[in-house]
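Consider the two complexes below, in which chain A is the common component and chain B and chain C are the respective partners.
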Partner chain A sequence: MALFRLIGTGGVIAYRALFNWTTPSMFIGSLLVGPIFQLLFFAYLGRQLGVADDRFYIVGNAVLAASLSCVFGGTMAVANERRFGTLGHVLLSPRSRTAVFLGRVLPYAGNGLLIAASTLTVGALLLGLRVPVRALPGLLLALAVAALACGFFGLTLGALGLRFRDVWVVSNVSVALLLLLTGVNVPAAGLPGWMRAVGEALPITHAARGARQLAAGEGLAAAAPALAAEAAVGLGYALLAAALLKIFEAESRRRASLDAL
Partner chain B sequence: MSGYAIEAVGLRRTYRSRTGWLRPQRREVEAVRGVDLTVGNGELFGLLGPNGAGKTTTIKLLNTLLIPTAGTARVCGHDVVTQTREVRRRIGYVFGGDRGLYDRLSARDNLRYFAELYGVPAREQKRRIAELLDLVRLTGREQERVEGYSRGMRQRLHIARGLLHRPRVLFLDEPSIGVDPVAARELRRTVADLAATGTTVLLTTHYMAEADELCDRIAVIANGTIQALGTPAELRHHADGRQVLEVEAYGVADAQLAAIHALPGVREASVTVTGATQVLTVQSDAGVDVQAAVLRELDGVRLGRVTARQPTLEDAYVAIVNRINAPTRPLEAVGG
Partner chain C sequence: MIAVGLLLHTKQLTRSPFEIATALIVPVVQATLAVYLFRAGGEPGRLLEAAVGAGLMGVWSSVLFGSGGAIQNQRWQGTLEMLMLAPRPPALMILPITLATAVTGTYAMLATLLWGRLLYGVPLNFAHPLLFLVAVPGCVLGLGMFGLLLASTFVLLRNANALANTLEYPIWLVSGMLVPLTVLPGWTGPIAAVLPTTWGARAVQEAASGGPVWPSLGLCLAISLGCLVAGALMMTHVERRARAAATLALA
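Showing the complex of A and B:
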């Protein structure tokens, strides 16, 4: 029970304390409106160039929208501890680090799901995409899996913040890489082999593929392998984040690498 | 179990840093160079020293944030390197300054979050937070965001956070730094109350009056080693056989200070600046009247009040710390 409180209550309080975009203007502007304009940009560009149809861009950008709050949220979850000077007090906690930081992922993943669902809805309405009603539960599942995988990916980047002061650089580059390598806006077939390989290891790639299958009416059974692959990628990042947090915390005690207090 | 709340033996910590990429330069700084100390259960122990003396590093070694390069330390009988979780359950940590709190949250939410982190059982949290808000006199302001708090209020909230899980040992790292006199007095009262309830307190401070008023024993640390250790009364003996002359002045030059320092019978001479006024403090051998010679050296400087007085703990501290510039620097343990 105490563990669930640490993950649930602790995670929500940490989210309010550390996430920079919680004010209504920031949340709506940066997280809800921004991705819709990005979706429209790529959809119209796609129409001009004849690369893919609207569904490709609407679904792809909706899944991509889940990543924004997760990648930056995960980074803020650690980097802002440095900013407020609270990192030392968090590290002095006798509780499990995995539980403390896992709790921080969940609100960001929830945010990601909300933003992705909103982007998909508004994008479909604006561009006239018809999604079969029976596909909606599956699409919601795909967006949820993508958001969670992105949350753990973001936490991995955040863990780097225990070791490297300028971790925002990594977040900015990661967002650009997600845009390029995950097949959400550039069809994977058009990418060089090594880029496709890197994309396979990133979150969103598999969820976007599964979500497109669902939006095309192929059914959950057809999309299940892609969603399972996305879940596996998310799990991989969860384990990597837990390992990095442990390693970098131990290193900070040995090398005084944290300006902890 | 050990009879001591804190034990440190031969504690050392070296910081290694590297700057530059093409031609990296490595640097080593020995912040702590063999600290031995014991603090009894329920004792209020002061660690005094100038900036960079090794106070904060010593505390970080004891509270598990750093691993010693050499030596060992135990808190409540648990090793600070290998039994971190056991140590962390038993300690609280408070440091001075504006940072260290979540500015966007209220005081109550700050305490709620750290109550989760420090393992305060859910059924106790509400009562414990209310108790602590009352203790640090923040009741009624607990719903306000911390970003609007004064430094004194932040300091009191730091203390409340440090006490959430009823630690047996509390580390207070310069808690009154930058706090106004009234708030500092309140802080001292809170710390004294804590010690009265049996909490072991290790306090670092720059303020001698604070240490004198609160501490059962004091260790003076400088250059990474303990230079003197004893009760405040015992430490004052380091200035035995001295007298102090204080001169208010406006415009004492470095050369004049050096000349005063070189006068026969003068043991220490320093200048502190308070607003536009300089206060020249000269410690001299008790049997030597240096007043006339000092005033002669200050010829041409506008002077204010001139006072002769007996040495205080602060004078003893200055005497101890300045001794480290001497060629040999034996450890002096005065009683205790």
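Showing the complex of A and C:
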């Protein structure tokens, strides 16, 4: 029970503290409106080039929208603690730091789910995509799994913040790479083999595939393998993040470089 | 003074690993995406257009984030008061910074063209090579002047960087940097027509692929000049307000 409280309540309190700079209008502008323009950009580009239909871009970019808050949120979960001067206090805590940091992912994943759902809704309304009503629960599940996997991916990048100074470069480049490698905007068949292979190990790729199957009315059974693969990718990143946090924390204590900016 | 300021701020930006990495790597990823999209769409003949478009996107990103945060960055560095104390109009102190962000953005153009040529064999057969060398700096100058309006507007907003995230894709889209304006809904036309980014992008694309470059470049610079005047007036107003309220150093 105490562990769940640490993960749940601790995560929410940390989220409120680290996102103290935002306002509702800022949140709506940058996290809800921004991804809609990204979706429109690629949908119109795809239409003009005849690469794929609107469903491909609307569903793919809606799933990808979850990554924005999750990747940067995961990075902030560590980097902003250092910037605000509270990282030392967190690491001095006698509780499990793995639980502390893993708990931070949940609010960001919740944000990601909200952003992805709103992007999908607005994108479908603007571009006239009809999604079968029976596909909605499955789509929500796909978005939730993608958001969680992205959250752990973000935390993995955030863990690098314990070791490297310019972690924002890593998160900026990672967001751009997700755009390219996950097959959200270029059909996987159009990418070289090595890019497809890298994409398979990234969050979003499998969830986008599953969500497209669901939006096409193929049913949850057809999308289940893709969603299971996405969950496995998320679990892999959760383990990797936990390991990196442990290793880098130990190293930063040893080198006395914890608060070095 | 503008030239010296431009040199100083460009040097400063080129010392930032974050700026360099972002200006080089992200546009290259976008150029790769554009190349594969154009190939998947069966348009291999338009790969130069894709590379140039991705470069323009990078220039805009640099101006948007650099100029949008120009004043905030000076505030964080503790140099804003000194800039505002200088016996020159505040716009003249900030304009070199916004121009420098546009100049740094040309990394993106160079990077996407080189990347396209070396990795994907994109033929750099510019329709008007000399005009291309004129159109790119012209576009950069125009966007730098537009950046002053952004800087003076964004300073009124807390955490303008977050707002800048919202403006990246809309300008890419409406300015026709990669997506032709003809495929967009008709109501976007008037918006595109008043943006210097639209005409700057058109001038550079016309120099690369063919078309009358000068009218587009002239319109880009004319609109940008208007933005410069509006930005200068706004900057003076903001500076006076900040002095009167003693809020210059406050975020």
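What we mean here is this: the second predicted complex is superposed on the first by the 256 of 261 C-alpha atoms of A that agree within 3 Å, B and C clash if a C-alpha of one lies under 4 Å from a C-alpha of the other, contacts with A are read in each partner's own complex, and residues count from 1 in each chain.
FYI, a residue touches a chain if its C-beta (ideal position, glycine included) is under 8 Å from a C-beta of that chain, and two chains touch if they have at least 3 such contacts.
Here the structure is a predicted model, which is why all the values come from computation and not from measurement.
Student: Of the partners chain B and chain C, which touch A:164 in the superposed model: first, second, both, neither?
Tutor: Once the two structures are laid over each other on A, A:164 reaches no partner at all.
Student: On the A-aligned overlay, A:49 touches which partner chain: chain B = first, chain C = second, or both, or neither?
Tutor: Touch status of A:49: second partner only.
Student: After the superposition on A, what does A:29 contact: first (chain B), second (chain C), both or neither?
Tutor: second
Student: After superposition on the shared chain, which partner residues are touched by A:186: those of chain B (first), chain C (second), both, or neither?
Tutor: The answer is second: A:186 touches chain C but not chain B.
Student: Kindly classify A:177 by the partners it touches after superposition: chain B alone (first), chain C alone (second), both, or neither?
Tutor: Only chain C is touched by A:177; chain B is not.
Student: Quick check on the superposed pair: does A:253 touch chain B, chain C, both, or neither? Answer first, second, both or neither.
Tutor: A:253: touches chain B, not chain C.
Student: Please work out whether A:38 is in contact with chain B alone, chain C alone, both, or neither, and reply first, second, both or neither.
Tutor: Only chain C is touched by A:38; chain B is not.
Student: Mind sorting out which residues of chain A both chain B and chain C touch, each in its own complex?
Tutor: Overlap of chain B and chain C footprints on chain A: residues 22.
Student: Where on chain B does chain A make contact in their complex?
Tutor: Chain B reaches chain A through residues 15-16, 56, 60, 63-67, 84-85, 88-89, 91, 93, 95, 97, 99-105, 109-110, 112-114, 116-119, 121-122, 161.
Student: Using the touch rule from the top, collect the residues of chain A that touch chain B in their complex.
Tutor: Per the touch definition, chain A meets chain B at residues 1-2, 5-6, 9-10, 13-14, 16-18, 22, 84-86, 88-95, 100, 252-256, 260-261.
Student: What part of chain C is in contact with chain A in the complex they form?
Tutor: Contacts found on chain C: 17-18, 21-22, 25-26, 29-30, 32-33, 36-43, 158-159, 162-163, 165-166, 168-170, 172-173, 178-180, 183-184.
Student: List the residues on chain A that touch chain C in their complex, please.
Tutor: 21-23, 26, 29-30, 33-34, 37-38, 40-41, 44-51, 166, 168-169, 172-173, 176-177, 179-180, 185-187, 190-191
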